[in-house]
Amino acid sequence: MDFTMSDRQRYWRDRVIAFMDAHVYPAIPTYDAQMEGFGANRWQVVPVLEELKAKAKAEGLWNLFLPPSAEHDDDEFHGAGLTNLEYAMCSEQMGRVGFGSEVFNCSAPDTGNMEVLHRYGSRYQKETWLRPLMAGQIRSAFLMTEPAVASSDATNIETSIRRDGNDYVINGRKWWSSGVGDPRCKIAIVMGKTDTGAAKHMQQSQILVPLDAPGVKILRHLPVFGFDDAPHGHSEVLLENVRVPAENLILGEGRGFEIAQGRLGPGRIHHCMRTIGVAEVALEKMIKRIQSRVAFGKRVSEHSVWEQRIAEARIDIEMTRLLCLKAADMMDKVGNKVAKLEIAMIKVAAPRVALKVIDDAIQAHGGGGVTTDFGLAKAYAHIRTLRLADGPDEVHNRSIARMEMGKYVNH
Amino acid sequence: MDFTMSDRQRYWRDRVIAFMDAHVYPAIPTYDAQMEGFGANRWQVVPVLEELKAKAKAEGLWNLFLPPSAEHDDDEFHGAGLTNLEYAMCSEQMGRVGFGSEVFNCSAPDTGNMEVLHRYGSRYQKETWLRPLMAGQIRSAFLMTEPAVASSDATNIETSIRRDGNDYVINGRKWWSSGVGDPRCKIAIVMGKTDTGAAKHMQQSQILVPLDAPGVKILRHLPVFGFDDAPHGHSEVLLENVRVPAENLILGEGRGFEIAQGRLGPGRIHHCMRTIGVAEVALEKMIKRIQSRVAFGKRVSEHSVWEQRIAEARIDIEMTRLLCLKAADMMDKVGNKVAKLEIAMIKVAAPRVALKVIDDAIQAHGGGGVTTDFGLAKAYAHIRTLRLADGPDEVHNRSIARMEMGKYVNH
Amino acid sequence: MDFTMSDRQRYWRDRVIAFMDAHVYPAIPTYDAQMEGFGANRWQVVPVLEELKAKAKAEGLWNLFLPPSAEHDDDEFHGAGLTNLEYAMCSEQMGRVGFGSEVFNCSAPDTGNMEVLHRYGSRYQKETWLRPLMAGQIRSAFLMTEPAVASSDATNIETSIRRDGNDYVINGRKWWSSGVGDPRCKIAIVMGKTDTGAAKHMQQSQILVPLDAPGVKILRHLPVFGFDDAPHGHSEVLLENVRVPAENLILGEGRGFEIAQGRLGPGRIHHCMRTIGVAEVALEKMIKRIQSRVAFGKRVSEHSVWEQRIAEARIDIEMTRLLCLKAADMMDKVGNKVAKLEIAMIKVAAPRVALKVIDDAIQAHGGGGVTTDFGLAKAYAHIRTLRLADGPDEVHNRSIARMEMGKYVNH
Amino acid sequence: MDFTMSDRQRYWRDRVIAFMDAHVYPAIPTYDAQMEGFGANRWQVVPVLEELKAKAKAEGLWNLFLPPSAEHDDDEFHGAGLTNLEYAMCSEQMGRVGFGSEVFNCSAPDTGNMEVLHRYGSRYQKETWLRPLMAGQIRSAFLMTEPAVASSDATNIETSIRRDGNDYVINGRKWWSSGVGDPRCKIAIVMGKTDTGAAKHMQQSQILVPLDAPGVKILRHLPVFGFDDAPHGHSEVLLENVRVPAENLILGEGRGFEIAQGRLGPGRIHHCMRTIGVAEVALEKMIKRIQSRVAFGKRVSEHSVWEQRIAEARIDIEMTRLLCLKAADMMDKVGNKVAKLEIAMIKVAAPRVALKVIDDAIQAHGGGGVTTDFGLAKAYAHIRTLRLADGPDEVHNRSIARMEMGKYVNH
């Protein structure tokens, strides 16, 4: 073990930091002003973001998330060649700004979708959707969760994908379909059942559905707390007799869970490291705030209750970061499957610590904390969804416990 | 001590429950539809609310909050004659619905403002503002908190109220001015300094400022975790050379803290009991949800982790309710001042328990919990503000600790 | 509801306080010295305790715990006539000193055993054991928990009570048999199975076993953390072919659970109120300590982190006390069965708050906190057992949750 | 960064594991029996421990704690050559058994004392005390904390070390003098003031005091939650006109804080890694217990509340371990001073997580948890002292917060 960053780790991370400093942080006011300028129709492409993307692409800070992989190597479709661990360090930096990851073409759910296409996609699927995704020309969605069932248990998912001649016909209702609100979003990967009679984990498949296919209806954009998350958004989508060619099916019937497993690891690390970035920003704001205010005859920062909160924040953030980095390192070396304990752990740990730190930061800001002036309430709302997205804490804790108990099962 | 409800306590509470059951709960869909119908201009009077108010007034379920008080008796201006304890029990019921209290003309900040006018107002002030407030014809605001200073320490407040001939001229910037967004809001009580040279707690005064006075500018409505809270709202208000007649000053120069003390007790009990009501609703929703969903082969309600959460919720709600009721009872018997320990305690305790219960309820609802479908995210956002409004937890805990430490100071 | 103490409530509580002040607190050094003087043989009667008992008895502060009950009235065997609520207030005061309750002949497990005999005992059983117990001449034990099974589920208990002619023959192994170490302990109530073929809750019976019966072997005294709790003690007891006359069976075969239910309510209130007393003492010690020490240039009490802890302690203690008192009041008015929700709630709530307060008090005392100098580590150890004794938290939370969920079961 | 263990890290750790498996775990019953056999006089050398020490020494698993250091190199006095990081991994394994570290001559406070002598000792001091300590022939103590002052602020320490001719004369009262109870304990390092007129951090010195020097009186052995921790013990020691030669002073007058700083880093890592070991053992016991018991118709391990606790334990242990290892790695690479943030963080984090895990494990064991049968109550008591020893949490949190706030002080 070695806790010093390698030159290569530092190289990539520092380039991202430098780019954030030079271009992304200074662009925040412009981004906000352009969103503000949209008025009621907020589901639009923000011009400054496209400018930033062009710059990042030109500098080679692009598709950093896609790990090198001999197994899935493809000359034409490759990322910047970072390991998961190297990328994790970059990812924290990107996460410090809400739209940061997208600047580097590293934002969810595109990252997961690109990985899936990269690993499991046919040549046709890659040409058609992976190419423009990697170029940052289109965006994509992943339609998994359903409002009618406890999706924490993915075997509950009910959308049907029925073979009909050379097509598949899809019927179902999805929600939390993130990114569907964006006008650039052209393609969705949809999870559903091709065979309800098969073994429990062989019933599901994943299929590519263009968003302009007849029968795809965006019912509404779901607010998170009261935030619309425009222009990205989280949508409720009705799929009514949506017909797509059979070649849109990924990997094969019944392989939906297999694809899901392959997908989940890297995405969780990205989410968790971005979450660490959010927590760091909250801690920084908390400290600056209490240093700038006076109450009862002294700076708020001199009231020792805040010392305890800051120290706990620093401890918990640092510990969680290390665990995330370890999980990333394990993914690089032993793969998703062996690292599944670590991946489950960070999925639970990272939002937990960030919510605590953000909540304390809100408290430090008084009334300013719960409104939009400091971004803290929005950060809280966003991170709160991560205790539910991709499975609630309880399900991941259950997995962890079962692995743990498995050690002693025959004692 | 006697923990059985008296006939009179039960009488009033049951009347409120019956009215809620008969009229308020059934009106929720109408209320939501009318708000929805407003489209972009959400700062409007909701018609169904006025209908409900008329019904409640006709039944004598009106101004229940105003406690009988020999000292401040005034034949013309009186409430329904309930004690704080009796009203507290009603208040919990009203709190179960967001607009519930307003139906009975018992919503903040009107309640506090009416109390202030009732206790400290001149005949002129009562005729002009208390009368229409008690009739439910107008609404009011209370302008205290300022964005530029740590308002947790109220001596920091900087708005100036300067005597100029027969007028006062007011300059300052306020925020979290709740209710200013409502078109019916006609009058504000403003806290500010009349004499910066006086002793620390004698510098502040409170003055009545009509919202249509020249120089009153509503700068914006502050979102709470993305919610606008329309048509009530929480506003940032600029007061620029606002001129009002000297007779608008309440009680006298330098008596702002005295008035604030008198105001705070009952309002805190109302807030806390409404908070209990919100927690009860969240617990009910949590249980119904987990009973209706299946995961991993059994009802979610059969997973024992939820047993622990439900039990803790029930314990904490019940304990907090008792403390609130005790505080109310003490206010009736020994007054605000003696009850200040209990009032500070419930101010901290009630939001704490409610936030925990609501957060668990959000978790039980999965993705449904963080959006607007079940009202839980909105409830969380609303209650989260109560850990800051009227002083953050830290300040109340400080007061409690000082009273506690005072017992042993010469040991 | 009425949160003011009645004259009668105050009368009894104040008499106990006065007696504690006059006699019990001043006797602590003597008690400690006499225990110290015993050297290695600590399982002895402490003389000063017997003197205090005589005084309390003479003043009529005796058997205060035994509630008046028309149903179980018996001219000869009655307590002081206090309600559960009245006694609860006294019980908190007694709990402030480790041996306090025994002074008033109100200590566990005698109280529960006396209640059982009072309610369910035959004339013979009352004459033989209730009489000397009420006179404070002997002490008693309750043998329930077994080391071999999860006793949290009382149906697991395996001790056999087999009828043999005019006798019952008892075999089993018990532990946490509190009070067996005391030389005055003469009688035990033993829970065991008379009929393993009966319905699940009809298999158990309770029987009186003299501790000098052949076959009763005290195997060891169990330390609590490292404390022996002498001369009371918590013992592991082997029952090997212990033969007692059939008339020692209480109430009848298969009625063990029925008796247990009747027993549990009052005892839990006593334990919880004593626990509140312990928490109050810990809070008092914490405050005095931080007021007496200086660190980093100011009194520790001026470091605001302690303000937060003290305030939380005060809030939590007061809330828990109110819940305990409510449970006591309900027992008086509607009985154990209806009050079972409240009784389960306090069983969980009281140790939880006390452990938190004691732990903070330990922290305030530095190294002094974890040793025996301030009684805090011992208090922690003692209260920690209450999260397990008479059923662990999880089981009570399960009961609470089931009652709560029962409200909505057919929604 | 690289989270895979290096060959060398694995080599040493695996050797320790193999030795523990072959010799230490099997010796536990013997150790317990020999302690038991001592009866009332428990302050004796346990024979099996000396046998184990001989074996470990023979295998070269000896003085592993002493890091290689060019600066303080001394041909004669060197350890096994492990880095702090390498040793940290071994230390966790040793910590799984109460007397584990001593087997390898790696137990506190000898480790810290040896480091001090190694770094700062004169040739005379090394020959006289470091040599037999490194040989495991004698043991030592560190006398720092005082009962009369808040020792959390070390400038409060009052023991006087007064120069008198060629001697120093020492007067003071110390407590928590760990290890003084052991008959092999021959030497103590004592912290005290040589010059009360000097600058605040230049008043203190450290001096070597043989325990048989006239005037050294062991007043008592302090119990930790009722445990005596024999034969090691934590003692209260009176120093009355204790006279030692001037050459016993370490490094020079006024350099006490400098020595203390140098000492603290490695010791904290040892303590924290041992604490991780204790937490792992508790988790293992918890799981085995709930797998072996049945309640309410299923194994306790199938009640999902335990899944949540196990998962949280695993997450928190793993995160804390990583932070400790990072701190160790930093000490190796950049030294104590630069690593002081990390060292402060683990000091707070490790006991916190261990106490939580042990407490849950106690709960899983029911009555067995709070007594001595499973070692859990003793583990809890021991680890609870670590929230106070070498400075309470609050002081370390204060340091962390100040470093954190220092980043933004001129913003």
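Each chain carries a letter (A, B, C and D) given by its place in the written order, and its residues are counted from 1.
One rule holds in what follows: a residue touches a chain if its C-beta (ideal position, glycine included) is under 8 Å from a C-beta of that chain, and two chains touch if they have at least 3 such contacts.
Values in this document were obtained by computation on a predicted structure and should not be read as measured data.
Shared contacts of chain B and chain C, meaning chains that touch the two of them, come down to A, D. Seen from the Cα centre of chain D, the chain whose own Cα centre is farthest off is B.
Each chain gets a centre from the mean of its Cα atoms; for chain B and chain D, those two points are 53 Å apart.
Between the Cα centres of chain A and chain B there is a gap of 38 Å. Centre to centre, using the average C-alpha position, chain A and chain D are separated by 43 Å. Shown for chain C are the residues in touch with two or more other chains, namely 303-308, 394, 398. Residues of chain D touching chain A in their complex: 1-6, 9, 85, 283-284, 287-288, 291, 301, 304, 306-308, 310-312, 314-315, 318-320, 322-323, 325-326, 329-330, 333, 341-342, 344-345, 348-349, 394, 396-402, 404-405, 407-409, 411.
Interface residues of chain D, counted against chain C in their complex, comprise 40, 145, 147, 149-153, 156, 175-176, 222-228, 234, 293-296, 300, 303, 305, 362-363, 366-372, 377-378, 380-381, 384-385, 387-389, 392-395, 398.
Across the complex, chain D is touched by residues 303-308 of chain B.
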